[in-house]
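Just below sit the structures, each encoded as structure tokens.
Two complexes, one shared chain (chain A), two partners (chain B, chain C).
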Partner chain A sequence: MQNATSRRQLGALAAPSLIFTVGMIAFPILYTIWVSFHASSATGQLRFNGLGSYARMIGDDRFWAGIWVTFYLYFLSLSLQLFFGTWLALLLFNAKRLPGVVRSLFISPFMMPPVVAGMMWIVILDPSLGVANYLLTSVGLPPSTWLASPRWVVPTLALIDTWQWTPYVALIVLGGLQSLPPGVYEAAEIDGAPRWKKLTRITLPLLLPTLVTAMVLRSVDLLRFFDLIYITTQGGPADASLTLNIYGIRTGFEFFQLGYAGALMITLSAIVLGAVIALNRLRAAVAW
Partner chain B sequence: MSMSDPMSDRSARIANSVMLFIAGMLVITPTFWMVLSSFKQSFEVTAYPPKLFFTPTLENYVTLSERTPFLHYAFNSMVVTVGSTLLGLILGTPAAFVASWTRITWPAIVTLVARMAPGTLFLLPWYLMFRQVDMIGTYGALILTHGVITMPIVIWVLLPFFDNIPRSIYEAAQVDGCAPARVFWKIALPLVSSGLVVSTILAFVFSWNYFLFSLVLSNSDTKTLIAASFNFIGEGSTNWGGLMAAATMIALPPLVLATIVQRWLISGLTLGAVKG
Partner chain C sequence: MTKRQLVTGVAGVALSAALGTQALAQDFDWKAHDGETITFLANNNPWATSVLKYKDDFEAKTGITLAVDSYQEQQMRQRLMTVMNARSDEIDIFMTLPSREGMQFAAAGWYNDLAEHAKDDVSPEYDFDGLGDALVEAATFDNVLTGIPLNIEGPLLYYRKDVFAECGVEVPDTLADLQAAAETIKSCKPDMTAFASRGLKPALPYTFSNFLHNMGGSYMADGRSALCSDAAQSAIDTYATLLRDYGPPGVVNYSFYQLTSLYRAGQAAMSFQSSNELSAVMEGGERLEDTGIVPLPAGDGGSVPTTIGWALSVSAFSDNADAAWYFVQWATSPEMQAKLALDGIAPPRAGAADDPDYQAWLAEQTVRGEWNAALADLAATGTSEVGYPIVQNPESREYIGQAVNAVLLGDSDVAEACAAANEQLDALIARQ
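So, the complex of A and B:
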């Protein structure tokens, strides 16, 4: 029988990607775990440090500030995107016909590089000459310093990210809406239930699994939020937007504290993994 | 029998269209402003109050290509993006085929891990690895690292396409004495050609857009457009028109390509969790 040949050929087909995975993905992750248990000296020598880096993290104010910023940005952005995304999806769903050009328009924010979104919003939100402040002041509202303000920088980043990713959430939710069985509204129609009641009692509960899927996908990106922050503020002003991810990379590549940077990155990865596991549990709970 | 009266139905439809229009304006206006600003002369782009009407000029684009290394960075971006897309296809396509044929799960798990892990997790060891073999700042290092973005995309886009091929086709081929490599090359690949187009385009877009790896691993000669954005922002503090022209040009390739595959975009981006 050609079973042996068969197995050998299948192995050969999968081998290149397996080798690549081991070398470029698995080994680096293991190395980062290993290095997080070491400390680097000024000369670049690594020595065993046990749980030293993790102990240092507990006493490090910037680490806790980073945790706070990470979760503040995460919850703010996620709730804005879920709310507006669901709203936009319902509008798109009720519009019945959706010309291709409208769809292209809605995918444009999230398919452009986040770095470009940052460049664009830097100009729009410029405190003295930007068009955003011009619009605010022309309707009688006070101007904002946006990204330059320690108080407003995180909400501003959340706003930019919401602009960029709301259409993505909307298209996911729209997919969910389109796959709802058409019969679910029949009883409500006969009872003459008002529109909002159909929405809150029938549509939204049935949409929950799709909403959780959108949450998983956005959570993974939002918890390791990087590009937009790095291009606009690099964690400033006064560390007000220094997420765990930005703190980790600056520790590694500006201060070359490899062990501590490794520990920060492992911690962040554990947070992302934890969020994904928790949300997957939630998805199982709301499945129908 | 429907109980809702036609008048309120009609006003609900109009309200829906109006709100959809407003949402569309909110989505498109910032991008529109970026493109508009890129056609303004330097004294007009920082005019206050901002101008909506002006005489358009190509000055910013001309300056960008003649007085800055923009085209050089664009070339670097092309080399890295095309290289890593090809690498992703070469590695990912057979892996997706084998995963679909044998139902092994590691390619799917790799995909998930690579999708979830912060890029920073890989960067430290890569930096040390590439420094060891003197590859920092080379196209090779950038293509290899961007392969970690492209290979998982190729696998997760192609897996459902391979899964859709009826197993009876494989079995008939095997009865005829066709070994797996031949089945892959002669039978499966032609059947997933649209999947190959989608995965190629998505891999290209994600590799083009990726910031972190080239930020750390490129040098001034191999810098990609995305990593060079910092230079444009530095100069942009005095020249917004040039900055917006650069931003527009950098965004153009992914936007054009994404439009082509928009039918498959959402299911591709959500690992098939959502049918778009």
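So, the complex of A and C:
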């Protein structure tokens, strides 16, 4: 009896914060879904349009281009970050006597606000005044137009994001490395396994669950890639870096087409959710 | 409708209104809203930076507390859109660019009509008629005065006098001369950018529009997009050719920031960019002695410069519209505009331009005098048409930029690029 009363009291005490939290999560999603079923007038007025916005997407070349850019950037950035993140984690793990300052420097980029990082890279990569082309030409290489090249803009953005977020992946992987059972390595040592085999046959397979965790965390950000592009290229040149997220934001806030922007954002959310579910299943499959 | 008609209302009440205005002006009390708080959504541009230096003066004069919410231009619009769509009273005053969003925001009902305030609630020293007619009319939509002009601006040609002299180039009189000058400079100074202007898709209509109008083109004809007219095709071709053949590498991402950096660093012989950037271009003093400034040279259609200005508006959903008007009135008063002119904010009032302090400031450096003369030209002959004169003007700029970018990047020829843009622009016009 007393327990039931206590539970009721606890429930009553927790209810306001629970309602607030659920409301904060649910309301924006439900509102965006509701908006996506409407068409916007030139002045932002909404009228019911059913699935019209979703049907419009099918015939919209910029939507499909946005999907392509989103996934191109996602796969390129994720691959680079997993590769360099694992490499950096192994380096930090094996360099036991590395001074704390050096370790802090390694992880400093991801603590920098993306807007600051974006502005910094605009200056570095400026084709006329930037230090990047100065260094290239100093060693006899041709200069690049970097973010201004339709061909190179996505790889350049992937490189900037890799510079910023590799340390974050490295920290996750470092945690995984520190939790690996030392007994396996001792056995391999006794068997005389070379370092390369220890890495490929023991370390990496045992690290898989950790790597998938890093993939989940980075996937959510990468599929919603926004701030860096908005600061540096705004989706250009010629839509070459127009991800679905940038397209949605510009459609809604610059062109007043809130209904269509809502449909784009719901589609993007569905893609992110699908990726997270798939990666979580993968994580369960590789767990040990 | 002229500005005076707008302010005094219909002709039948003009006399009584004028007399009433005079009487009200005598009773005007700057402390009428003492203790109230108003919120100003500011675009973090030179005007806002300059006026906010005097924020304490406003608060001391009126007793009104001014809360400032300041953002970069695009972020400011996003914030504004969120607040206005919710019909929230969170923001009382905001900065707006009538040539871009005026028609759209007016149609959405976001502006408080300031004509009544300007008629009934003005201090004796506030000279509404002293504001430039063209700018007031550009801020008037469907007889609603949506904002009070803050400045006058437009793209101007900044050029290096020393490089011109070294290469034997005269200041161009026509667009054909401009292209010839760029060609000569390219041969004479191969390490230097001969000509630079905006290439970033959503930003370039500001500079491209001047080429279009100078070549005798316009964006619309008979209710349809005219981007494939002969004049418009020539304008696209000229603009894209100048940027592609004589512009800096990566010009397709260039907006005001990159143009200013390039020119200030001494890397460009000619830069067609905003008059607002004068202070930034002259920062450090390296370009003070070697820079000349003129409007864009004439084309087949003569000289029709782009002339726009920011305006200060009161939200239609403000609960403090009267107090908000006091800030608008103070910030756009002859006294304040004369002060701001000394920070390089070109005043929208002829009176402020004649102010002795401003004249002395202009006389201090030759380049300031040339800048002022070019702005006077803009004020006299300019048009505020930047993009399509439709409610969806911001979206129309996207398609203009797309056509120019396609030619600039070599993805299409002019005819293909303008046809593709026309299709989208006609659909946009039809949606209106």
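One rule holds for everything that comes next: the second predicted complex is superposed on the first by the 261 of 288 C-alpha atoms of A that agree within 3 Å, B and C clash if a C-alpha of one lies under 4 Å from a C-alpha of the other, contacts with A are read in each partner's own complex, and residues count from 1 in each chain.
Note that in this section contacts are C-beta pairs under 8 Å (C-beta built on N, C-alpha and C of every residue); 3 or more make two chains touch, one makes a residue touch a chain.
Remember, predicted model here, so these are calculated numbers, not experimental data.
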Fit or clash between chain C and chain B when superposed on chain A: clash
Which of chain B and chain C A:M215 touches, first, second, both or neither: neither
First (chain B), second (chain C), both or neither touched by A:F253: both
Touching partner for A:L177 - first (chain B), second (chain C), both, neither: neither
Partner chain(s) touched by A:L129 [first = chain B, second = chain C, both, neither]: both
Which of chain B and chain C A:V69 touches, first, second, both or neither: neither
First, second, both or neither for A:L82, with chain B first and chain C second: neither
Partner chain(s) touched by A:P237 [first = chain B, second = chain C, both, neither]: second
Touching partner for A:I229 - first (chain B), second (chain C), both, neither: neither
Stretch in clash, chain C with chain B, out of 78-86, 150-158, 366-374 or 420-428: 78-86
Contacts on chain A seen with chain B and repeated with chain C across the two complexes: 128-129, 253, 258
Partner chain B, residues of chain A touching it in the complex: 2, 5-6, 9-10, 12-14, 16-18, 20-21, 24-25, 27-29, 31-32, 35, 87-88, 91-92, 94-95, 100, 102-109, 111-116, 118-124, 128-129, 131, 134, 138, 163, 166-168, 171-172, 175-176, 178-179, 189-190, 192, 195, 210, 213, 217, 220, 224, 226-227, 230-231, 245, 248-249, 252-253, 258, 261-262, 265-266, 268-269, 272-273, 276
Residues on chain A engaged by chain C in the complex (per definition of touch): 42-45, 126-129, 143, 145-150, 232-234, 236-238, 253-256, 258
Interfacial residue positions of chain C with respect to chain A in the complex: 74, 77-78, 81, 85, 104, 107-109, 193, 199-202, 248-253, 258, 261-262, 265, 267, 390-392, 394-395, 398, 402, 405-406, 409, 411, 431-432
Footprint of chain A on chain B - complex, ascending: 1-4, 12-13, 16-17, 19-20, 23-24, 26-28, 30-31, 33-34, 37, 46, 48-50, 90-92, 94-95, 97-99, 101-102, 104, 106-107, 110, 113-129, 144-145, 147-148, 151, 155, 174, 177, 179-181, 184, 205, 208-209, 211-212, 215-216, 226, 229-230, 232-233, 236, 240, 243-244, 246-247, 250-251, 254-255, 258-259, 262, 265-267, 269-270, 273-276
